[in-house]
Amino acid sequence: ERTGTAEAILCDGKTAGQIAAMLEAAAGRRLLLTRLSAEKRAALPDALDYDPLSRTALSGELRALRDSGIGIVCAGTSDLPVAGEARRTLAFHGLDAPVIADVGVAGLWRLMDKLDRIRGFRVLIAVAGMEGALFSVLAGLVRAPVIAVPTSVGYGVAEGGRAALSTALATCAPGVVTVNIDNGFGAACAAIRMTAAGRGA
Amino acid sequence: ERTGTAEAILCDGKTAGQIAAMLEAAAGRRLLLTRLSAEKRAALPDALDYDPLSRTALSGELRALRDSGIGIVCAGTSDLPVAGEARRTLAFHGLDAPVIADVGVAGLWRLMDKLDRIRGFRVLIAVAGMEGALFSVLAGLVRAPVIAVPTSVGYGVAEGGRAALSTALATCAPGVVTVNIDNGFGAACAAIRMTAAGRGA
Amino acid sequence: ERTGTAEAILCDGKTAGQIAAMLEAAAGRRLLLTRLSAEKRAALPDALDYDPLSRTALSGELRALRDSGIGIVCAGTSDLPVAGEARRTLAFHGLDAPVIADVGVAGLWRLMDKLDRIRGFRVLIAVAGMEGALFSVLAGLVRAPVIAVPTSVGYGVAEGGRAALSTALATCAPGVVTVNIDNGFGAACAAIRMTAAGRGA
Amino acid sequence: ERTGTAEAILCDGKTAGQIAAMLEAAAGRRLLLTRLSAEKRAALPDALDYDPLSRTALSGELRALRDSGIGIVCAGTSDLPVAGEARRTLAFHGLDAPVIADVGVAGLWRLMDKLDRIRGFRVLIAVAGMEGALFSVLAGLVRAPVIAVPTSVGYGVAEGGRAALSTALATCAPGVVTVNIDNGFGAACAAIRMTAAGRGA
Amino acid sequence: ERTGTAEAILCDGKTAGQIAAMLEAAAGRRLLLTRLSAEKRAALPDALDYDPLSRTALSGELRALRDSGIGIVCAGTSDLPVAGEARRTLAFHGLDAPVIADVGVAGLWRLMDKLDRIRGFRVLIAVAGMEGALFSVLAGLVRAPVIAVPTSVGYGVAEGGRAALSTALATCAPGVVTVNIDNGFGAACAAIRMTAAGRGA
Amino acid sequence: ERTGTAEAILCDGKTAGQIAAMLEAAAGRRLLLTRLSAEKRAALPDALDYDPLSRTALSGELRALRDSGIGIVCAGTSDLPVAGEARRTLAFHGLDAPVIADVGVAGLWRLMDKLDRIRGFRVLIAVAGMEGALFSVLAGLVRAPVIAVPTSVGYGVAEGGRAALSTALATCAPGVVTVNIDNGFGAACAAIRMTAAGRGA
Amino acid sequence: ERTGTAEAILCDGKTAGQIAAMLEAAAGRRLLLTRLSAEKRAALPDALDYDPLSRTALSGELRALRDSGIGIVCAGTSDLPVAGEARRTLAFHGLDAPVIADVGVAGLWRLMDKLDRIRGFRVLIAVAGMEGALFSVLAGLVRAPVIAVPTSVGYGVAEGGRAALSTALATCAPGVVTVNIDNGFGAACAAIRMTAAGRGA
Amino acid sequence: ERTGTAEAILCDGKTAGQIAAMLEAAAGRRLLLTRLSAEKRAALPDALDYDPLSRTALSGELRALRDSGIGIVCAGTSDLPVAGEARRTLAFHGLDAPVIADVGVAGLWRLMDKLDRIRGFRVLIAVAGMEGALFSVLAGLVRAPVIAVPTSVGYGVAEGGRAALSTALATCAPGVVTVNIDNGFGAACAAIRMTAAGRGA
């Protein structure tokens, strides 16, 4: 934890056998597992806290959650798995962060209705697919830094998250930064560093 | 004019000599010239109505303008040349269309202030570069069809208009259609067909 | 229905459980479901009007159809699912729109034979994959606005619809506008706005 | 001339000095120079037959032209330089080939008016930019092989010829083959091989 | 058969039901089916001549084959399915064309050993994946037109055939023309037109 | 300044005339101008604080600078213009931020020598072109959030900043966020929000 | 073996039947099989030395291994299959090469701990996915040539290995060369040529 | 010179003033300058050994050249500037390397004529643009490692060197490694490491 955030295992390109060996090598040390499919999870020891929607597992003791000042804003239902990866990464670090869902800009009033609450956070993680217009609109309405997480939700030119990513990068709303497509984990790690940034950490 | 819109000459890949020959061949028939640089214009006959910002020229008699029901909404100052190409194409067809400028979504209140006026149009042409979030927000606020014209204004991933184009296509706001990057001419032609569409034309 | 078209659920990135919850929350309100696979449909309540080819479902009472003035022109048999998504979206709004199929430009006479009928529509939705040359040819023959829907039918450079999309955007036939690849739903919503546009709606 | 077509010098990446040295080394042997700018031509010996529109030069004795059975069909005025490169390459080989211009498919009747003449050729070179729909339409109307030459005429998604190229490749009209963007030289060389193909050469 | 080649059904995006209906509608007329998977073939009438490697089927009477003057040259074993699609398309038209396999340029002597035979053809179809260097080398050794068919054989930058396609287009060997990736059918149709081209057809 | 950062004018797509009009309209209000070329600057009023390397101008009174806790780390000399845009944007907001230059990872010891100083900042802006490996290495060595600014310095696959951008996004070092290529302005705005984030702003 | 390395069969695009035929045709000659899935291997003769992780098989007698001076450095566990393809290709040629794993740059100390050992090799094969920063860092620390093998491990912009590949190519650390994504085979063949290069082979 | 090759300054993104300062700071230490335009060179001190074709300059004493065992093979005249950058980088390190030019594969006999000489080198640098087929052919004929340098010579799909680069990477000829487009400098540095590799350096 030399850099302030804990170690995580990206399970995508690993066999269940390799992951099991890593868990054993950890010898009880706390570990976060991301992108763990239900099939692979079934081949691992029982003592894992597994969440199928976000495909994350927590190994080792679970921490009590304290308020983080971080809010997760989510454009649509299809973006919830990625939002969940961010929420679970924060939980692994003992931080609580609510998910505010279904605030896509095609129905602007839904976002406006929740604006007061959204303005209360010190750091915002915004999760959106398709064209990702949420990133620009949100950053124009709040003072907190906005970490955009483009999701691979979408088809045609939006396939694989490319359209949402280019919106996050090309936005003329100052205050938006971005991470890789579907990278809820990275967004959470960056948010942790940011909340520490103001405290002279 | 078999398809309801008049003939236009795209001057980009043509020499001044070729354009002059086309004007002469037209023998007074009305013509619209697009993407005509100031240098080429200088080599053409004087009797052209040339607008340097939109790089358009009208040849032949100018028509009196009547109200078109078409509005042109423009995100930033840099998008004005493309908005101008649309406005001038409509003018060539005898149609008046106001340009409502500087309504980018990073400052949402600027758009909201003008919303009543914008809702008064039957067809909207929306012109935006960078990430083009304007297209999605606008379509969620009005009932008219929105013709998105992505502009080549932008750098990095927005270079050449690619980010704005993918936003226009990937938008989850129903009612948005798009034309090629910087194609103010095409947007105007489509808008003319649309206003005719409801009249049983 | 603030913007003139009704709400739709894009089922692609959602679990059957999430969709079922949305149907229940709708409490009888009419809903359109798009991109609903046969597998997911099997896990949903029986009272859905499901069409496997277009992968759409209508929930709630079905409306009687009235003539819309909208025609759907389709290049090949493989494009029928996307044409169907447009037709079903219109039907959900109580609008009837015929599908005129198999008019690809490699056999130009097939298109010419049906031209009189095609010229009778006020708005045209054109559905084509591969290289999408139909969009340009059609727009040069009619006065109605042409909404191009590129489809993901194709291989090699046409894979995923990219070639047809670039044809739709790059066409020099004025009057063509486009939506995202395979977006029959969006084309239908835009067509509805267009037919309203002329009526001073 | 081991492969049936003569040697050519692509002048694009070469200095005038390098080209002059090659001409001298040729010692009177006939040479074709392509992509030769007017500036570089000015720095070369006078005894060159230079054509500024196609940017080609013929060095050595000019051949009398005989009928080739090859026709060059050209969508728009802006495509003439590339059509010219093909025509000049054929002329270098002693072959005459007429250019039939301005038959873009947005005005289908212009193509139809010239169809009888076009059907008279044994091999067709089709030159078009923007979306290149001409390739598909033409191949559906004739029995000759169609060599598509996409041109870099266009902007937005058509920039650099990409849209026209993907149309040429993705066309569902059997009988179309393609060469690189703007490669009028290559199209002419292939056409020469094709006319020989039937004679048992 | 207005254009000299017969009708073909691309089965990729069609259901077995749709294909069966087309066969029935053909009422005995001869048909070529391409990209027909073994699964779909199993759901069709027995009286089809099906070849699983090339995934083609011939419906209707089989023609006796006569010599075509067309040769098919194939870089590697993995390219045989595409070469087969070309061979079967020619067979459908009553034309015999041998496949000369395993002549990739990494082992140049294998190509040289067969050069005399290869030089005997009037038209060559060259099928290659990976980087497709075969196209350039071959065209520099023969006088016949070379129709390059890039295949989707390859990984990394060659994935889906992109590297081989760009080689076919960028080759500086005059006399190469290309068709879409994996398009053995299109190559065969073009070859038929070419052999006719010399006969004054 | 509703979002905590001041208004800026992106001068790239604007004429000198348009910029002059904006300055006049501002009527003394403080303004930041970015991407202002020396040519355009020459056509503007004298009372601008212009920096040619970063191509920025400050209009209105200059603020005294206070320590910001933000450090700017720069891989090479060619990245200094972008680093300068960030530094000047911070200065416009009254914040001082040192630039630590020439710490590219090909000479790792140069970075290591300055590591103690770099670890003293609360927020880091990292500016790098070519392959941008600096982003990953840096984030693994510090606890502060790292805002990557890929620059358009580079050629071949790095042209226009694409390689550096994909490194910033694909990094497996948690704690890196990114902005658009060359967007020093956006990085500075985000850094300001981040330093405020920890203070409960 | 005219070029110093032996023949290999890339099994990806081949059926088990075709591979079996090739083995039989080899008649005992030693062969290396790459990209051989477990399913296909099951359909082949028993006398193969098959390694499931690297998906390689050795046919014919196994050679005793001698020291090669080649080291394989591997960023993460997910890169082991590709590292294994390189190791097995070397083993097929009778060369031993150790794999030094888990030295990704996000934890720089892990690389530094093993640096002495790494500096002992005459040629290094470096295997990394995601953003591939390892290539640049490594080349700045050693004197041996570094053959980068980007792997397809990664998601978002790193999908399919594109980000790691562009890092390998764009690196400003002199001494890095690269092969195609996932091409452990090619890296091993090149390494063999390099170790021979110094011996005057 | 910790890594066996000397320091170089890439002048592309630097002003003449910055370069002059670096030369002064070097205080007589030997330096290599690459991508130095003639305009910038004119603004630098006279004591530079400048070569306009390769756009390189050597500062400090020139070394006597000894045989390197490295050969530079070059496809066409337009590739000479990049070949020159490699040759000059080697000269800077005191190594002599001949350039064997004009061996493009479209005229295979030109390559064959020089094969004996080419086989005499221990390391080969191959420089080619357009489709770069030379890389594959060459590697199949020699035992030395082949360092491919794709050049930006080409147009259409070859523009900027993309086609040649993908050939270098996708080649199935084992023994080819590649560097970035136009990177003659990097190829030379790698070649130096390779010749050292066999000597136990």
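Each chain carries a letter (A, B, C, D, E, F, G and H) given by its place in the written order, and its residues are counted from 1.
We adopt the following convention: a contact is a pair of C-beta atoms (placed from the backbone, for glycine too) under 8 Å apart; a residue touches a chain by one contact, two chains touch by 3 or more.
Remember, it's a predicted structure, so these values are computed and weren't measured experimentally.
Path length between chain E and chain F in the touching-chain graph (shortest route): 2.
In terms of their C-alpha centroids, the spacing between chain A and chain C amounts to 34 Å. Chain H has its Cα centroid 55 Å from the Cα centroid of chain C. Chain geometry summary: the mean Cα position of chain C and that of chain D are 40 Å apart. Counting partner chains per residue, chain G has residues 10, 139-141, 156-158, 165, 169-170, 172-174, 180-181 touching two or more of them. Two chains count as a pair here when they touch; such pairs are A-B, A-C, A-F, A-G, B-C, B-D, B-F, C-D, C-E, D-E, D-H, E-G, E-H, F-G, F-H, G-H.
The residues of chain C lying in touch with chain E in their complex are 77-79, 129, 153, 155-159. Across the complex, chain B meets chain D through its residues 10, 12-14, 18, 22, 150, 152, 160-161, 165, 180-183.
Note for the complex: chain G touches chain F at residues 76, 104-108, 130-133, 135-137, 139-141, 154, 156-158, 162-174. Within the complex formed with chain D, the chain E residues making contact are 3-5, 8, 10, 69, 122-123, 139-145, 147, 165, 169-170, 172-181, 185-187, 189-190, 193-201.
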